[in-house]
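Following are the structures in question.
Each of the next two complexes has subunit A plus one more chain, namely subunit B in the first and subunit C in the second.
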Partner chain A sequence: MKITTTVQAGSLESSDILITLTPGQNEDLIINIKSDVIKQFGSVIKNKIEQTLKTFGVTSVVCYADDKGAMDYVIEARVEAAVKKALDKEGDK
Partner chain B sequence: MIINSVGRMIPEQIMGYKEVIPYQSPHNLNPPEQKAPGYPGKILPGENKLLPTIEEAIKKCDLRDGMTISFHHHFRNGDYVLNMVLEQIAKKGIKDLKIAASSIFPIHAPLLEHIKNGTVSRLSCNYMLGPVAEAMCNGAFEYPVIFRTHGGRDRAIEAGEESIDVAFIGASAADKAGNFNGTEGPSACGSLGYSVSDCMYAKKVVVLTDYLVPYPLAPASVEETHVDYVIKVDSVGDPAGIATGAVRMVRDPLGLYIAKLASDVIDASGLLKDGISFQTGAGGPTLAVAKFLSEKMKKRGIVGSFGSGGITSYFVEMLQDGLFRYLLDTQCFDTVAAKSLKENPKHIEVSSSRYANPHNKGCIVNNLDVMILGATEVDVDFNVNVHTTSDGIVIGGSGGNADTAACSKLAIVVTPAIRGRMPIIQEKVLTLTTPGETVDCIVTDMGIAVNPRRKDLEEKLLAMGLPVKNIYDLKNSIEKLTGKPEKIKTTDEVVAVVEYRNGSVIDVIRKLSN
Partner chain C sequence: MFYERELDIRNDKELNEVKNLLKLLGLKLPEGIDYIIGIYHNKELIGTGSLVGNILQGIGVAPNFKEQGLAARIVSNLIKKAVEMEKEQLYVYTKPEEVKSFTGLGFQIVSKAEPYVVLLEWGWDGIEAFKNRLACYPEGKPENSSCIVVNCNPFTLGHRYLIEKASKESPWLYVIVVEEDKSLFPFEVRIKLIEEGTKDFKNITIIPGGKYVISSLTFPAYFTREEEVPKAQALLDLELFTDHITPVLKVKRRYVGEEPFCPVTSLYNECMEKILPRKGIELIVVKRLEKNDEAISASRVRELIRNDKIKEAKNLLPESTYKFLISPEAEEITKRIKNSSSRH
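Up next is the complex of A and B:
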């Protein structure tokens, strides 16, 4: 599944993460992360986002993650919410 | 490399630093036989100490390349003095100075320019926050910065290890003879406790003030007998900047829960009785412990002997409510405290040397019952880091952390279990500020860990039904939520020495990779 609209889920509150999904050019998942804990958890965050996108069948997207120290379950929830928003928006077209 | 008793790798020699004495234990080192000399002066009747400009003072003090100049931090992030003085020194082309500051704040960012242009080459301080700290971590200083504790700085000055050529003292009020204080005038900042040793032991002392009063100014923080010159400037500082840096009030329920838990620990310890002496740090939930302790004291009619350290409005309120007989104040953390110091005779200004210098014939922290400590992280050996964040950037320093932990009867670290995503309990702290052997317990929202050296305390806490956990179990349950953080990569290059209060080296801070 390709993401074809731009959506956001989450916030910039402490311990939250703001996920922005925008359409990708190619058949891949591009993930850009900004995080207060990038040095300690950068790869963990990236893996979690990638894994969640895959779980929901996303095959093409550019994902921006602005992380304020969210834990794994928060990241998962925000990515899921963003994907579902994108699907909703597409249904409206 | 030497490995000190807390397992830290310390270089055998550190550029620009005295002989390296590896940390061994909190009280093992003895003072030299004599303190450093004080410097006499000769002021004739009618002679004028008042100088028109900083430039004139630099000339009169014969300030030259390679000398050491000192500053105090009572205006905290509102301090104008350090920048003002350095600007004039740089104009005169003087190079290679050492700054002996008690603390460096974000407002001191212009210092970086003076490092680049060679005016300043070395720095020592007890606390550092902001652009200078960040630049230091990335190797801005040619010589490693020396971090001391509050008491350790006075020890070093008085032992002659930190020999000051010229002390530049910002005072909110002074008279033409050099008597000065911090309680009067438009820039009143309260106690000037960190300036006292500088004045007693520097070769030359220059007082800068924006509020010149008729002779004699009284009461004086330091008297005319120690002051060479007085300069009237437009403004020495912005009092609004005092309450930045360490001071954060806690309102969130989690912080309050932790504070309440800490007050229960104090209660269970048996120290909560008439005559209790008490101090908190100024950050995070530590301050809020005072609030809960107040409630307990009021309910039971307990009157404490003193509250000490950096004084906040919380402590002022406790004094006014009759919960302490005295406040012993080295620095005011807000303008309420500054006002109280001026008006309340039970609120006493004390020098930082009296507060915590281990090589005096006594100090206040030796009489302290309970200390509430802050931490950026702790480890399974109860070591405390208040120097660096978990990503390796310096955001503070010991201040009185190591001093009070070493001497109080009960030293409690109060901290949330998770900050951002970082688990607060690490295998090893990144920077070791305060040795675990001086820390009694760690209070978090996920449980209380008691130092195995304090079985007696653990029993008391368990008897009160408090949530005591083994520190490894606590660490594991926190990491279940956060995951295990990757280790921060550093190079071998030492950017700062962390000197323990007795003059030994407890740790070094290394330059970050990339």
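Up next is the complex of A and C:
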């Protein structure tokens, strides 16, 4: 599935993460991360996002993540919420 | 607990609450608000923030409620709304001492005009992305090149003279064209006329200025009025220029036309004289080209158009600009000039 609209979930509050999904140009998952703990947890955050996107069958997206120290289940929930918002918006068209 | 919601700007009572809160914090209610939110505690407004275009303004939290993450809540809310409104890049102007509260929320510093103001941005198509795109221009070109920033509203023989002089004296010249459409001649036309009017110079590259070279971003209109503001704006623009643009283009010199008329531009030139040399850029001020004892200027050309005397402008313009002005293509623009009293 391709993401065809821009959607967001989460926030910039402490222990949260703001996920922004925008349409990708190619059939792949591009993930950009900003985080104070990128050195320690950058790859963990990225894997979690990628895995969650794949679980929901997303094949094409550019994802931006503004991390404020979110735990992995928070990341998962925010990505899931964003994908579902995208599906909802898609349904409205 | 806290409760947040969108406020109604047409509701005087709500607006007054916002005004009072901001006043308490030494801030003014922004003008031209597109979206405004309030945070309440027991029905009392204790926090607010607004979106004006793609700029975050009027963000404040009551003193008793600081350090509780409310600013993050306000900014998150504004960012989400902005993304919903399909804005990709957001900006905020703040005092140098408040910078940390925004960098902590994922904002990045674009430019600092100490001690007045700092410009920060949020998003993914920011100054770094702009620099990456800019970096392709100097590939294979000589270093120690020169640059010139122009609006050309429209391109005159005066501009051509300045570009010619700079081109002759430099190994390479970048002509950076102000991209923002606040002028009577639209960007597409301005840059086309520059390209046509400078075809014979072989060592120049014409570059669209994007949103970081003299745009309302570096010249935020709402900061005006106070006395030091024009200076703060010029500093913001020049710090950005010398921190981000000239290093990428490997430019060592900036040419500029002398400005005897416009006080804003002349102040800008004054600031350039101070800042550029400090950043290792030589500033060359060129005296205006005159015709019949009068400096050639684009504003003179616009004045002639306004007074239906296009023919008199012929000897102030390169053939390509003149041809354009009398072509049917230009009809709409000349009509707009006649109906406008704008100086720009």
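Criterion: the second predicted complex is superposed on the first by the 93 of 93 C-alpha atoms of A that agree within 3 Å, B and C clash if a C-alpha of one lies under 4 Å from a C-alpha of the other, contacts with A are read in each partner's own complex, and residues count from 1 in each chain.
In this text, contacts are C-beta pairs under 8 Å (C-beta built on N, C-alpha and C of every residue); 3 or more make two chains touch, one makes a residue touch a chain.
Quick caveat: nothing in here was measured; it's all calculated off a predicted structure.
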Overlay done on subunit A, so just call it for subunit B and subunit C: clash or fit. fit
Looking at the overlay, what does A:32 touch: subunit B (first), subunit C (second), both, or neither? second
Which angle, in steps of 10°, is spanned at subunit A by subunit B and subunit C when each chain is reduced to its C-alpha centre? 70
One more residue to check, A:40. First (subunit B), second (subunit C), both or neither? first
Taking the superposition on A as described, I'd like to know which of subunit B and subunit C A:6 touches: first, second, both or neither. second
With the two structures laid over each other on chain A, which partner does A:66 touch: subunit B (first), subunit C (second), both, or neither? second
Between subunit B (first) and subunit C (second), which, if any, makes contact with A:14: first, second, both or neither? both
Superposition-derived minimum Cα distance between subunit C and subunit B (Å): 8
Which subunit A residues lie in the overlap of the subunit B contact set and the subunit C contact set? 14, 68
Residue set of subunit A touching subunit C in the complex reads 6, 8, 11-14, 18, 20, 32, 34, 64, 66, 68
Interfacial residue positions of subunit B with respect to subunit A in the complex: 390-392, 419-422, 481-483, 485-486, 488
For the complex, which residues does subunit A have touching subunit B? 14-15, 36-37, 39-44, 68-72
Complex contact set, residues of subunit C against subunit A: 69, 72-73, 75-77, 79-80, 83-84, 86, 105-106, 124
